[in-house]
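Please read through the structure below; I'll follow up with questions.
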C-alpha cells in the first residue's frame, strides 16, 4: 500500500492527482469532456478525474497500455460509446499502443462482440487516426496489396 | 381495479386515454415521435400511446415521478437511447423531478452502468436543460465553488 | 458542500463512512458480497464500500428511495444482474419502497427494456420477497381476483 | 383492420384472446411462466398474455414462424435470456421451424452478436432439443461426417 | 457438404465467393462499408466479405430472407447499430422481405427489446424506405384510416 | 501476409490450424466447449476453431496476452458470459497474464462497465483461481492488512 493511500487527503488533493493522470493519458480530449460537464454535472467531472483517473487508473498493478486494451474491449462491446472511443483511441496512442495494435484489437473484438460493434469501433478509430495524420499513407508491409489481389 | 379496466373499450377509447397521459407527461416531445411514425409504422405509434402510456404508465401503483426515475435508469443503462432520453428528461421535469435530481440520478448511474453511459445520458440531459433555459446560471448552493476549491 | 468532503480523510475514514451507508441500505446482503471478494479482489470490495456507498450513494442530493428506483431500472435493463438485483431488492425494501412499488417498477421496465428483462427481474424480486415472508398471502385489494375473472 | 380491434372488448376478452395465441405458440412453457408470476406480479402475467400475445403476436402481418426468427435473434443478442430462449426454442419448433433452422439461426447470430452469445443460445436450444428427444441420433445428411474429415 | 467447402481454397477464392454473396444481398451498401474500411482495417473488410458473407451467410441451411429476419432482430436488440440497420433493411428488401414485413418485425421487437430499441430501428428503416421511394403513398388496406378513427 | 494465408487450404487444414491455437491458449476448457457442441451445432464448433482461433486469434499483429486483455474487457462488458469468462480467465493465465493482472483488469472494468459487471466477472475469475489452486493463501504484500485496518 503506497503512502498516498494512507495519508489523509482532501477532495482537492485527490482531484489534483487525478488531473495529473488524466493529462498524461488523455491530453486535451479529457479536458474537453470536463469543460462540457462544468455547467451541467460538475460532480460527474470530479468523479471522472478524482476517482476514475486518480484512484483507479493510477493504480500501478496494470500498465496504462494494458488498461487501454481492456478499455477498448469494453467500449467496443458496450456500443453507443463513440465519444468515449474517440477519447480512448487517443489515449491508447498516447500510452504506447500503435495504430496497428489498436486496429487489431478492434478486429479481435469482432469474434466476441460481433461484426457491427467491431465496425462501429473501427470507424471511431479511423476518425482519430485521420485527425492525428495517421491515415495519410499506407506503410510498407501493411496488408494493402498494391497488385489488388489481397486488399481484403 | 378501476372501472376503466373492467368496462369494454375500443381501440379508439384506449388510444384516447393514452393520449391524455402522453400529453400530460411528454408534452410536445411525444407528439413529435408519433408524427414521425405516422408514415412508416402507425401501429408502433398506436402501441406507444395506447399500451405504453394508456395501459402501463397510467397505472396508479407508481407515481409519474417515480416512473421517470426508473425510466432514466433504464435508458441510461441501455445506451444508444439519446432520442428517448431527450423525451424522458423533458418528461421528468414535467412530472416534478428537479434538474438537480435528474443530474444526480444520472451521476448515480455511473456506479451501476459505468462512466460512459452516465456521461452520454448527462449530455443528453444538458441538451434538454439548455433548450428549457435551465443552464443559464448556476444557482446559489450549487456545487460550483467560485473560490475554486471544490469545482470538481 | 459538507465538511466531510473538505476535511482531509484517509482511505480508512472513507471506508468507514461507506460501511455505515452500506449497512443502513443493504444490511447483510452487502456484507456477503464483501466477504466473497476478500480473497480475490479486496480492492473491488473497498471501492464498492468507499466509493459506491461512501462517496456516491451517501450524497444528499437524491433520497435513498429514489436511488433505488434508478438502480432497479439499471439492473433490470443491463440483464444478467440477478445477484445484484437480490441485493438491491432487499435494499429497496430497507429504504422504504413497498413490495407493490418494486413490482410496479419492474412491470414498468417492460415498456422500455422488453418483457424478458422485466420477467427476469421480477423473478429475482420474487426470491427476495419469499425469503422475507412477503409472498405468504395476497393482501386485500391486490389484483388477485378470487372469482377468477380478473387474475390477469 | 379486423373487427376484433374495432369492437369494444374488456380486459378479460383480451386476456382470453391472448391465451389462445399463447397456448398455440408456447404450449406448456408459457403457462409455467404465468403460474410463476401469479403470486408476485399477476399484472406482468396479464400483459404477457393480453398484450404480447393477444395484441402483438396475434397480428396477421407476420407469420408465427417469422416472428420466432426475429425473436431468436433478439433473445440471443440480449444475452441473459436463457429462460426465455427455452420458451421460444420450444415455440419455434411448435410453429414450424425445424431443429436445423433454429441451429442455423443461432449460428448466423455469431456474425452479428459474437461467439459468446451464439454459444449460450445454442446450449439453451440443446437443452430443449434433448427434452423433446431431438438429440438422440444424428440424422443422415447432417454435418457429422463419420469418416472424421468434416466433423467441424 | 458442398464441394466448395472440401476443395482447397485460397484467401482470394474465399473473398471472391463472399463478394458474390455480398453483392447479391447488400448491393451498394456493402461496398460502401468496404471502401470506408480500406484505409483503416482492410482485414476487417476481408472478414466481413470472406467469412460473414462467403462462409456464414452463404450456407444453404437457412434462406436469405430468414437470415434477414434474424439479423433485424439482433441489430434492433443490440442498439447503436443504425449504420448496420441501414445496410440490412436494404438487404432485407433485396432478398424478398416486404416493407410491411420489415415494419412488423420491428414492431414485434418492441415486445422483447422494449419500445426505445423498436423506435430507433423503425426510424432507421424509415430512412431506407424514403431513399427507395417506398414512403410516397400509403397503400390501400394499410392501417391508415382516412376517417380518422384508426390512425393509431 | 504469411504464406499460410496465400496457399490454398481445405476446411480441414484450417480446422487443424485452429485446434493448434485453441489447445495452446485454452487447454482443456476449449475442448469441453467443442464436445458439448458436437451433437447440437458442430458447425458452430468448427467456426470457433477454424475462424475464431485459426484465422483471427492466430494473427501475429497482437500478442495472445494482449488479446486476452481485450477479451476480458469484452466479456465483462457484455454480461451473461460467465461460461466464456471461465474459459478466458484460464486462457489468460495460460498465455502469461498473472492472477493480479486479471483481477486488476476486472477492477478497471468497473469504471467503464459499472460495478455489477465487474463483480460478476471477478466472481467468475475467483472460481477459476480456486480450481487452479491460486486462492490458497494471500501473498505477502497483498492488500490484505492483517491488522484489520486496511482490508478494503
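So that you can tell them apart, the chains are marked A, B, C, D, E and F in the order they are listed, and the count of residues begins at 1 in each.
As a convention for this text, contacts are C-beta pairs under 8 Å (C-beta built on N, C-alpha and C of every residue); 3 or more make two chains touch, one makes a residue touch a chain.
Computed from a prediction, not measured in an experiment: that's the story for all the values here.
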Q | Touching chain B and also chain D, the following chains | A | A, C, E, F
Q: Quickly list, by label, the chains bordering both chain A and chain E.
A: B, C, D, F
Q | Homomeric contact chain C-chain D: same or different residue positions, threshold half | A | different
Q | Contact-richer chain pair (by C-beta pairs counted) among A-B and A-D | A | A-B
(Q) Farthest chain from chain E, going by the mean of C-alpha atoms per chain? (A) C
Q: Please flag the chain sitting at the greatest distance from chain F, going by CA centroids.
A: B
Q: Would you kindly tell me how far, in whole Å, the mean C-alpha position of chain E lies from that of chain B?
A: 31
Q.
Nearest whole angstrom, what separates the Cα centre of chain C from the Cα centre of chain E?
A. 39
**Q.** Gap in Å, rounded to a whole number, between the CA centres of chain C and chain B
**A.** 22
Q: Two or more other chains in contact with one residue: find those residues in chain F.
A: 6, 11, 43, 47, 51-52, 56, 59, 74-75, 78-80, 84, 103, 107, 110-117, 143, 150
Q) Connecting every touching chain pair, does the picture come out as line, ring, star, complete or other? A) complete
Q | chain D residues touching chain B - in the complex, by the definition given at the top | A | 5-11, 13, 43, 47, 51, 55-56, 59
**Q.** chain E-touching residues of chain D, taken from the complex the two chains share
**A.** 1, 5-6, 51-52, 56-57, 59, 61-62, 66-67, 69-78, 84, 100-101, 103-105, 107-113, 143, 145, 149-150
Q | Touch list for chain B against partner chain E, complex | A | 11-12, 15, 33, 36-50, 52, 74-75, 78-81, 83-84
**Q.** Touch list for chain A against partner chain E, complex
**A.** 79-80, 103, 106-107, 110, 114-120, 122-123, 125-126, 129, 135, 138, 142-144, 149-152
Q) Which residues of chain F touch chain B in the complex? A) 110-117
